[in-house]
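What follows is a pair of complexes built around subunit A, which joins subunit B in one and subunit C in the other.
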Partner chain A sequence: MKYSYFPGCSLKATGRAYEESFLSLCKALDMEMEELENWNCCGATSFMSVEMGAAYALTIRNLAIAEKAGLDMVAPCGGCYGILLKADHYYKKYPTVHESAVKSLKTEGLEYKGTVRVRHPLDVLASDLPPRALRSKVKKPLKGLKVACYYGCRFVRPIAPFDDMHNPETMDLLLKTVGARIVDYTMKGKCCGGAMSGAMPNVAQEMTYLILRAAERAEADVVATACPLCQFNLEAYQDEIRAAHPDLKPIPVVYFTQLLGVALGLDATATALNRQIVPVEPILREKGILADEKKQPATAGV
Partner chain B sequence: MSSIQRQIRFESDRDPGFADEIRAMPGCELIDRCIQCATCSGVCPVSTYMELTPRRIIELTRNGFKQDVLNANTIWICTSCYECQVECPKEIGITDVMYALKTKAIQAGVEPKHLGPPVLFKEFYNMVRKTGRMSETQLAVRSFIKSNPMQMWGMKWLGLRLLKTGRFSVKLEHMPKPSVLHTALDHADRIDGRRAK
Partner chain C sequence: MDDKTIGNGSEEVRIGFFICHCGSNIAGTIDVEAVADYVRTLPNVVVSSDYKYTCSVAGQDMIVEDILKYKLNRVVVAACSPLLHEKTFRAATQRGGINPFFFHMVNIREHGSWVHQDRALATQKAMDMARGAIARVKFHKALEKRREPVRQSVLVVGGGIAGIHAALTMANAGKKVYLVEREPTIGGHMAMFDKTFPTLDCAACILTPKMSEVGSHPNIVLWSYSEVTEIKGYVGNYDVTVKRKPRYIKEDLCVGCLDCIDHCVFKTGNTDDEFNQNLSKRKPVYIPFAQAVPRLVAIDPAACTHLNGGKCEQSCATACDRQAIDFEQKETFEHIGVGAVIVATGFKPFDAHRKPLYGYGRFPDVYTALEVERLVCSSGPTGGDVVLKDGSKPKSVGIIHCVGSRDHQTNRWCSRVCCMYSLKLAHLLKEHTDAEIYNFYIDIRTPGKGYEEFYERLQEEGNHFIRGRVGDITDVPIIPEEEGRMIVRVEDSLAGFVRRIPVDMVVLATGLEPREDASEIRRRFNISCSSEGFFLERHPKLAPVSTTTDGVFLAGCCQGPKDIPDTVAQAGAAAAESLVLLDVGYVEMEPMTAFVTEKYCSGCKTCLPLCPFSAISRDEEKGVAVINPVLCKGCGTCVAACPSGAITQNLFEDRQIFAEIEELLVHA
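After this line comes the complex of A and B, so read on.
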């Protein structure tokens, strides 16, 4: 299985662990990801707040390049995924968006016919693999690990091609497949604050606090995410949040691809667990999923 | 704060052409369907911080109260999580209306000059227009300098945590060939009302 891969800007920076763990996982599952040529930023929420015509043209340019490659386009970042889907949809629905993008693409000799299928790793892993492909590869089932799956907004809003808009559960199913126990909690689709974490920290940190508190009350050992901004907002500001809410205990926040990698027995480089600010290894060792450090021979590499 | 201002709106405050401009933007064509049920305000995770709730924004927008909506903090607090949009019983593109109002406010030059979100959006826009990609650290630093330089001091521990985990990068990322994007974007229409170059 071969796909066009649209990494987006965050997966090359703070979301590095997502790219590393996702690409290793794909390798282990024989899925080929080919990075899109000369891709540009999707525009996220910011570009569109300043200039709308260019914003759609910017996003559609990536779709046009992917169409040339002729493969499904996989975008792991929630922000990229959502905006690519929306731009594709609006390109077909609104003549103003269409005309503007056509003019823009023409300068590069590109055109977009509207045939690209924008996919998210959750969708691809849940729907494209042959039955039991994932389960048969599990080496270290995540037995006893209580996971709160956090979806946030973009996988199902405003457009939901692969999951339920109001109660998404693809991530639950994938992690259940590899043995994790999924906890039910109320905040799985609430906004993490998005770009507000930098622009209005007090507002965003209040939002992430409510999500983390709900996960904690559901007795989750770890929160799983599928977007670099969600992961960052939920994990990186826990110390700052604790200043206002001392009751919040540190809780590891990982990418679902990292947990799948652990279950498949991939090595430390492949799962990128060393990139965690709130370490996740202690709980994985406690549950007997990762081998105890002390018991490992001294020569074992990390 | 000390100046005393009229608290009710007059017919003469309206700019009906403004409502039409908004209706013409993608996703905003259904604002007249609004039944003022306030589902949007109820599901919004940040409406508690807003001067005007989303419900009021829709009503004021479709009646042409341009100054009120463009000067409300609402449009900058919206995180565009689309919860209002998917829950709206009349399927109105409320998040798209927020985007439309943001572009209009920036176009009119009335966006708050030191408030985090508009500063961030403009810096993001300038960076992506130039390099074709977004560089997180550079964007954060540039935005803080223009909005709240003191905030950077508070971010030092966050920086350290990122550095320790190998997630910190000061490099300015760019496309291999950003020039093609410059030309392409210069030829896009200004569907937010501005005239094309």
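After this line comes the complex of A and C, so read on.
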């Protein structure tokens, strides 16, 4: 199984833990991820609403490069995934928008014919692996670990090619397969605050707070995410939120790929657990999933 | 060309041509005098004149007089669309003493003056079209309309208030009515309501007398728990097959004493009671509700131990001292003939699961409106006590309007009754619980007699109205008052900010949709439906209860969402239209049908499956195709398909069409 891999900017920066854990997971599962050559910014979430033509050209360029490669294009970031799907949709629905981008593509000898299938890691892992491939590789089942799967909005709305728009379940199923207990709560598809965390932090943090609190009330040990922005919003602002809501307890927020890696017995570098702000190892040790080795460095490095 | 077959024989063809000004509608763009002058020069044209309004009485008289004066045997009128006045001019032709099918009409308005601006070119086109018509009309033949008698009975499909009202109207007019209802009882949705807006009269009190009248009317045959499986034939003469599902009760013996229900081995209900919207349980032997018509029990094969192959002492059967219970009953089929059909199959409420943000099925105290209708009803699952799933009374209730309606993700139409029934439920809930009631609406739509006044009354009663489409319902509280409750999140578009309103009960005003089997029913009765799936009337304004199939009429919500007053009015109209058909006593069939010339037919059967009206069969003895002129609608499909050229269609014969085309193309 071979794919084109589109990391987007986040996975090279704040979301490094996602990239590291995802790529090592793929390696362990014999899925080849070939980074797209000379990719550029995906166009981000709001650019399209501000300047449609330029944003579209930016996005479609990545699709054109992927089309040349001829493989399914995997975009782990929710933002990238959403905007790539959107551009492909625009290509198919609004030819005039595409016409405006044809010229800029041509300067590089590129064109787009609408044949690229944009995929999310959740989709690929859930649908492309042979049955039991994941289960048979489990070395450290996540027994007793209560996980709140948090999906956010971007890869199920407005286009949801592989999961339910309002009640997504793919992550639940994957983590269940490796032994985790999935807690039931009602916030898993709600918005994390997105880019508002920069523009209007008080609004965004209120949104984040409700998600974390719902997870906490559902007695989750950890929140699992599938998007670098969700992960960042949910984890990085916990101290600030606590200033307004002192009842909020610290709760680790990890990528689902990190948890899958742990279950497959991958080492600490591969799972990138040391990159967490709210440490997750203590819980994993407490549950007996990670061995109680004092040797492991406890410092958070970047 | 065989000249002998022209017209009535060898007589000379004498054509009169009349061109209409239509005020300035035609004359404004087309030089009608020039066209008349030109046509006068064409062969066989005896008279050619123009007139300001040819369709007026004076215009028609002119045609009649000219026929007599000039001994005309053909008439061509160049005017508007044949849809409007073909009938008028055919009648005038007939009054002049010649067969009306020697008339032909040229549409120079919709196909001419209204779509062209260049006067010279439009005039030229009118001349060309007239020349084509002159050439074609020579080959017209005398044709006769056939008359078929109409059976004096009607089939009504669906026993909601629409079907009930239509059936009673027909029956009271002395016609035989077959009312076929799918469920064990008639009554439809209305039977489930406690009260009806805006008068708040008790639904049962106004409905059940009509239901019993249906049950006892000498002219009505009521087949409940039954379905129409096949319908053949044509207007005035439909052959219908009705499947009667086994209810495991001998209808002629059961007196509805309900002893069997008391004695069923299940002491309490073991299966969901669909009449109560699954808010309670019922036994396998049951009657949907106390005033059900017919008052007959039914045994549900899915819930009955014995019918599931299990061991049961069958105490119901022993308890029945009339030996009415019959576990051996099989489905049976009835075959009837009727003159007309009224389709009144009603609607289905929108499935609230399709709006997951509103938490139906996720939060226990989110209800659909129909569930609340049952909750507030004194014969409902709680005896009229409005209690939540945990047994407590709600202190605050949110009613969300337009669930599934006016929504591009689900149904785009307005369901018309939800605002009003929401107001009704708001009133009833307040009466039952004294809770704070919040209505969340996009617009309040109250067009109806006494409806706006009812809305005002609700405002005066202290109900809250918040304008805004609810975003979602959450169980994650922020403040202590929200703890353990559902929080309605909504942008209050009048106040201009987002609100969170904690409530104990949510009512979803789900919209009205076509039934799941609507497209199947549509095909069975050969009617059309609009894009959203409701059955389509022949004309939205001028033929609101007719369909494109003659003799099949529509009543009630199967045609579109509407309230009970409109449903009843429409049912009355459908009955009246059926009565016209039955009372005239015969149907006239247009003669533009196709027929097979036997000597040319090779019997290849190409045409058989192509006819959309199943009008073609095969005469096995002669090995040729036969077209039933009564079923043929003159679509021409078979004519075009026949590889042997064996099929001809009246008024569209090859020589008529080719003569017209040849002349039309002379200029090109």
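To be clear about the criterion, the second predicted complex is superposed on the first by the 291 of 302 C-alpha atoms of A that agree within 3 Å, B and C clash if a C-alpha of one lies under 4 Å from a C-alpha of the other, contacts with A are read in each partner's own complex, and residues count from 1 in each chain.
Keep this in mind: contacts are C-beta pairs under 8 Å (C-beta built on N, C-alpha and C of every residue); 3 or more make two chains touch, one makes a residue touch a chain.
Everything numeric here is computed off the predicted structure, so don't read it as measured data.
On the shared subunit subunit A, the superposed partners subunit B and subunit C overlap sterically.
Touch criterion not met for A:Arg119: it reaches neither subunit B nor subunit C.
When subunit B and subunit C are set side by side, the one touching more residues of subunit A is B. In the superposition on chain A, A:Arg213 makes contact with subunit C only, while subunit B stays out of contact range. In the superposition on chain A, contact of A:Glu99 is made with subunit B only, not with subunit C.
By the touch criterion defined above, A:Lys188 lies against neither subunit B nor subunit C after alignment on the C-alpha atoms of chain A.
Within the superposed three-chain model, A:Lys140 lies out of touch with both subunit B and subunit C [touch as defined at top]. Legend: residue contacts after superposition of the two complexes on their common chain; A:Asn167 is shown touching subunit C, with no touch to subunit B. Superposed model on chain A: among 41-49, 149-157 or 185-193, the stretch of subunit B in collision with subunit C is 41-49, the rest showing no clash.
Overlap of the subunit B and subunit C contact sets on subunit A: residues 165-166. For subunit C in complex with subunit A, the touching residues are 356-357, 359, 362, 474-476, 478.
Only residues 24-27, 45-46, 49, 77, 79-83, 85-86, 93, 95, 99-100, 102-103, 106, 116-122, 124-125, 128-129, 132-137, 140, 143-144, 147, 151, 154, 157-158, 161-162, 164-169, 173, 175-178, 180-181, 183-192, 194 of subunit B touch subunit A when the two sit together in their complex. Against subunit C, in their complex, subunit A makes its touches with residues 164-167, 186-187, 210, 213-214, 217.
Against subunit B, the residues of subunit A that register as touching in their complex are 9-10, 12-17, 38-41, 43-54, 56-58, 61, 82, 90, 93-94, 96-97, 99-101, 103-108, 152-154, 156-158, 165-166, 189-191, 193-196, 198-201, 203, 207, 236-237, 239-240, 274-277.
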